[in-house]
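Okay, so subunit A shows up in both of these, paired with subunit B first and subunit C after.
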Partner chain A sequence: MDVKDIFSYDWSYLLPEFIILGFATALSLLDLFAGKRLGKSVIGWLTLAGVVLAAVFVFVNIGKLDEPYAYMADTIRIDDYGNAFKLLFLGGVAFTVLLSLSYMKQDEIRHGGEYYYLLLTGLLGAMVMASSADLITMFVGLELLSMSSYVLVGLRKHSLQSNESAFKYIVSGSISTAVTLFGMSYVYGLTGTTNIYEISVRLSEAAMAGYEFMVYAGFAFLAVGLAFKISAAPNHMWAPDVYQGAATPVTAFLAVVSKAAGFALVFRLLLIGFFNIQTDTRFFFDQGALYLAIIAGASMIIGNTMALRQTNVKRMMAYSGIAQAGYMLVAFAPPTILFFGEVTFFLFAYLLASFGAFAVIMVVARDQQTDDLKGFAGLYHRSPLMAVSMSIFLLSLAGIPVSAGFFGKFYIFMGAIAQQSYVLAAIMIATSVVSYYYYFGIIRQMYMRPGATEAPLSVPKTIGALVLILALATVVFGAFPGLVTDYVQTHLNHGFNFGDMLPPNFQ
Partner chain B sequence: MGLANSILLTLIVFSPLLAVLILAFVPRHQGGVIKKIGVLGTLLPLALSLMLFASFNYESSGLQFTETAKWISIPVGLQQSGAIFSFDLGYELGVDGISMPLIVLTAIIATLAAVASWNQKKRLKEYFILFHLLLIGMFGVFASQNLFLFFIFFELTLVPTYFLIGIWGYGEREKAANKFLLYNGIGSAVMLIAFIVLFMYLNTMNMDKIAEILASSGNPASAAMSPEFRFGLFLAIFIAFAIKLPVFPFHTWMLKVHVQAPPAIVMIHSGILLKMGAYGLLRMGIGFFPEQAYQFATWMAVLGIINILYGAVLAFVQKDLKMVMAYSSISHMGIVLLGFAAMNTIGFQGAMFQVISHGFISALLFFLIGMIWERTKTSMIDELGGLAKSMPFASGIMLAGAMASLGLPGMSGFISEFFAFLGLFGQMPILAAIGTLGIVLTAVYLLRAVLKTTFGPTPGRFAGVADAQPMEVVPLVVLLGFIILIGVYPAVLANPLQQTLKTIVPIVTGIGG
Partner chain C sequence: MSVSITSYLLVALILFCVGLYGALTKRNAVVVLISIELMLNAVNINLVAFSKYGLYPAVTGHIFSLFTMTVAAAEVAVALAILIALYRNKETVNVDEMDSMKR
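Entry: the complex of A and B
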């Protein structure tokens, strides 16, 4: 490839990524030269501006993209699948920034500048993960996100807990990365290519030629390694410790953006790379779906039962997040024609409810100086708005109407029943009922237990507005989910092509 | 009238929202204003549902006041032409002869329960907001003609009730609220599974359409469902609503709720929320799967008898007046099951009569218990006694309520029990005969409880307690009035019921009943 080829591409499709990259670079320089003179929130607002600008260009891309646009043999592939996820990431990071703006004022994170551009590099990694169809770029995106997250978790330098989490995160993260790479090496060894569309074809050939076991080994290592990012069983153990130690906005970032990025990568890689493998006797789709179903079932059971025993709210949210990852995998085990619509809506609802919940947790935890569940006692008397909103977020996470989370679960559940995967559906609904217990545990504290104080809770204005908007959105999109599903169906998933992710001759 | 009638159900269902909105802007400390708004707010749905009652067409057996609107459309696949094929979840409301009386019952009990909340002192604003949200859920359940909508309203009753029990209840309120939540959560989960399976097979959630498709053997979607498969679905629906009704052995949560919840909420709970179980059983269990229900009828009768006898025997040994009434509710819900098990018009009519009649009677009795507790701070039978001297009016009403409950002719309880047993005697004479034992036992435990409370020596500390206050007289008189009205003029209820029940029964008797 020579220079001429590179210029022959229409680079305008990559504008969102360039904007994020540009802002990350510019802000780091700005912080370096003028960091002391600028108010801390200036960099935060600039970050927000960058994110919004990038989101605008994602919408522009959605508008002008008729068919996927691939750069350099699919190393980066702009399609609606990636665009849908990018919108979720950008929304998530925007909320993270809004949460941080008031967090920063309290001096809990000393180095505001670093924090913001690390968020942006992490976001860039997530965006690359969502739009790459090549193992190399996938891995680069994955690492960019992971490295940024490791630092973000450890950013509260003087907090012992934060250091501990960062250390745990980096060690377990590196191990998973190694496992992922090991899986990739099997795949590369069998196929001699890193392009997942070609991998799909060649893995079939390899499986036919008697290397079926190697194909399975590659799949197994990849699945286990990537389960780390989505915090699904069997690689979920890090989540509670890391969530607990990280600053709350970072926890929210990990719980939503990082997890959604993991899903974007997993779904694309497995669906295209693996699920189409066929030998004379077997169709990999069936087995792959079975393994994913086991992961999904285990995540739902482990997440929901372990959450019952938690007294630390952030740990509880971590286990709840493991369970939510399980629900999302139900949509993919096996993938149906509906999976893309299901996953986007579920993630959207999860984004609203999680950020809302973490915002309230942040305010309460700071006021009470503890993440303990007891900190919520009597919240209703101290700030009715926070308590009512938190209840809405928790009801949404629990999947009780009228909330966006209910329809998200209903949608996935419907797909599972249509596929007649009754066992998975039964686990999903049974563990959902179990989850009522711990979600309502927080509600119980807020309304029914007397708190240590009755003094009104001081809520920063940005947080108050954010929480109110998220709570309203959770209810409105719960009552009218069509607002989202119709948009996805008409702009991102027309004709059930999964956002144009599939190769032309895919079955 | 034309326009008002065309959206009358929507108005009824969402009219409590008005009170919620007003209450949200009233300052917390103005307790008197909040109470007034709370009570007046219930008059709006009451007036609207009386309009519904007045303009209901008794000649028609089908749905009336129907409303349909597009709501959610879930794309599920592509047609040959490339057009998107989607499943529609409509906003569909409508009433027939079964649901109309239940809506009126809900509105009446709601108003009276709001009046009964007059003595509530704690956190009034939240109390009445949740109270009205609960009303929306209850009206919605009875007005929905779409399973998805039904499920949403059904769940909508869950959350406010949880709070109402957990915040305003007695000593062990949190435990009761948790138990309520988990049991009903399981019930809803089972129900949701059944609904979605139906949805996936029949591609619709409209209740009428589902019943129609399931009844026509020629329809390919219907033919795809084997009898065994249908039986499984019937059983799932039966269990879901059996938890709500409650049927033995799923009843333990309900005892806790009846003992721990505040009196006004128990009135609503035992008067209406339990009835959602009976309604669902008839509308979805028997209405969708008459053949399977017919096969299951003997079991239903047996479960009904267990409920009747178990409830009655345990009610006899209870020391707490509330527990007596809670077990009495279980016993009376057994009669509903017996009526269903008869699988004929008379039986169904008896069951629905029992639903409505028990709604009034239990609301009355629980209101009285609340009054007694308010004055004496106890509901233990041993500690009470001789209240007839200090509270002659209330004691008289209590005796009348007990008489209605044990089935004295001339009161609503008699009609319902009579019909239910009459229906069953035609089908299963032996089981029906065993069931009638329950009537005798009912008389025994009710008279024991009521007489011990009202007669006998008056403990000194109760000598000065006041009789019913004007605000309390209203619910007492109104409830007793309805009980007697149904007792002496059952046509008021029988007319709407009959037309609709006739449409269910031919399906049933066509099978060979």
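Entry: the complex of A and C
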């Protein structure tokens, strides 16, 4: 490919990525030359502006794009699947920035500038993960996100817990990166290409030519390695420690953006890469789906039972996040034709409820100087708004009706029934019932236990507004889930092809 | 005389397992990081071997291994930075003692 070819692409579809990259670069220079003179929050607000601008251009792309647009043999592929995930990431990072603006006033993070542009580079990595169809770019995006989050977790340099959790995160992250790469190397060896559409064709040839074992090994390595990013069962042990040690906005970032990015990668890579393989039965819908179902079931069981004994709220949210990853994998093992809609709605509801819950946790933890469950005692008498909103978020996470989370779970449950995976559906129901116990544990503290103090809780204005909006959104989308699902269906998934992820000739 | 692909894959697999064993059992944090490098180098051996002897020999494997090397270097740099920050707060590189958050 000569130079002329590169300029013949229409680069305007990549504007969201370029904006994030540009803002990250410009803000790091701004922080370097004028960091002292600017107030700390200026860089935060500029970050927010960049994220909103990028989201505007994602919407422009959605309106403009009729079919996927591929750059340089699919290394970056702009399709509706990627766009949907990008909107989730951008929303998540916007909420993270809003939380951080208030968190920074605590003066625990002394490098405010670095904090914000590391968020942006992490976001860029997530966006690349969501829209690449090539092993190399996927890997680079994954590592860009991972490395930004390692530093973000360890940014409270003088807190021992933060250091410790960052070290645990990077060690377990690197091990799982190595496992993922090992799987990728087997897949590459059988196919001689890194483009996942070619991989899909050639892997099925390889499987028929008697290399099934290598194909299965590659699948297993990839699934185990990538389970780290979504904090699912075999690779979930990092989550509680890291969530506890990190600053609360970073925890929310990891719980939502990083996890959603992991899902974007897992779905695209495993679905397309292993879709065509057919030996006796269809591998992906048979052995592959079984393997993923075991991961999903184990995550739901481990997450929900381990959460029962937690007294630290952030650790509890970590185990709850492991369980949520399990629910989401249920939709994927094996996917129905409605899979894309199910997953985007579930992630959307999870985004609203998680950020709301973490915002409340942040305010309460700062007031009480502890992440302990006891800190919530008597919250209703101190700040009814916070207590009621927190209850709504917890009900949504638990999946109780008239909250967005209920429909998220309901769609996935119906998908599992349609695929006749009754065991998974049963595990999902049973563990959901278990999860009510610990979600209601917080609610019990807020309403029924006397707190140490009755003084009104001081809530920063941005956090108050954010929590109120998120709580309203959770209720509104719980009453009218069609607002989101219709948008997804008409704008992002009109061909029922998972947001143009599948090429037209795929069977 | 050419060496068969099986030998390369076997070496890589052994290296990977040694690295994984080291990363999971060693107590010294620096040794853990070195073990992780072993795992990543096993991947590089695989990629380069496959790009000559794979089912579809192609140069892509070499390119991929360049990317993994670069990223591995960046990763270990971040890991050492975090370890130094940890060492300043708690003068130990012993993984067993990093246990301030339990259960």
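Note that the second predicted complex is superposed on the first by the 502 of 507 C-alpha atoms of A that agree within 3 Å, B and C clash if a C-alpha of one lies under 4 Å from a C-alpha of the other, contacts with A are read in each partner's own complex, and residues count from 1 in each chain.
Rule of thumb we're sticking to: contacts are C-beta pairs under 8 Å (C-beta built on N, C-alpha and C of every residue); 3 or more make two chains touch, one makes a residue touch a chain.
This is a predicted model, so every value here is computed, not measured.
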In the superposed model built on subunit A, check whether subunit B and subunit C fit or clash.
fit
Would you check which partner chain A:Phe167 touches, where first means subunit B only, second means subunit C only, and both and neither mean what they say?
second
Quick one: is A:Phe440 in contact with subunit B, with subunit C, with both, or with neither? Answer first, second, both or neither.
first
Mind working out whether A:Thr177 is in touch with subunit B, subunit C, both or neither, as first, second, both or neither?
second
Could you look at A:Gly154 and tell me whether it touches subunit B, subunit C, both or neither (first, second, both, neither)?
second
Quick one: is A:Leu135 in contact with subunit B, with subunit C, with both, or with neither? Answer first, second, both or neither.
second
Subunit A residues in contact: does subunit B have more, or subunit C?
C
Considering only touches as defined above, state whether A:Gln278 meets subunit B (first), subunit C (second), both or neither.
neither
Looking at the overlay, does A:Arg309 come into contact with subunit B only (first), subunit C only (second), both, or neither?
second
Could you tell me if A:Thr462 is touching subunit B, subunit C, both of them or neither one (first, second, both, neither)?
neither
After fitting on chain A: smallest Cα gap, subunit B-subunit C, Å:
24
For the subunit A and subunit B complex, residues of the former touching the latter:
337-338, 341, 380, 395, 400-402, 406-407, 410-411, 413-414, 417-418, 425-426, 429-430, 432-433, 436-437, 440, 444, 447-448, 480-482, 485-486, 489, 495-496
Write out the stretch or stretches of subunit B touching subunit A in their complex.
71-78, 82, 84, 126, 151-152, 155-156, 158-159, 162-163, 166-167, 173-174, 178, 181-182, 185-186, 189, 192-193, 196-197, 199-200
Subunit A contacts subunit C in the complex at 135-136, 139-140, 143, 147, 150-151, 154, 157-161, 163-168, 170-171, 174-175, 177-179, 181-182, 184-186, 188-194, 202, 206, 209, 211, 240-241, 244-245, 309-310, 315
The residues of subunit C that touch subunit A in their complex are 12, 16, 19-20, 23-24, 29, 32-33, 36, 39-40, 42-43, 46-47, 49-51, 54-58, 60-61, 63-64, 67-68, 71, 74-76, 78-79, 81-83, 85-86, 89-90, 98, 100-101, 103
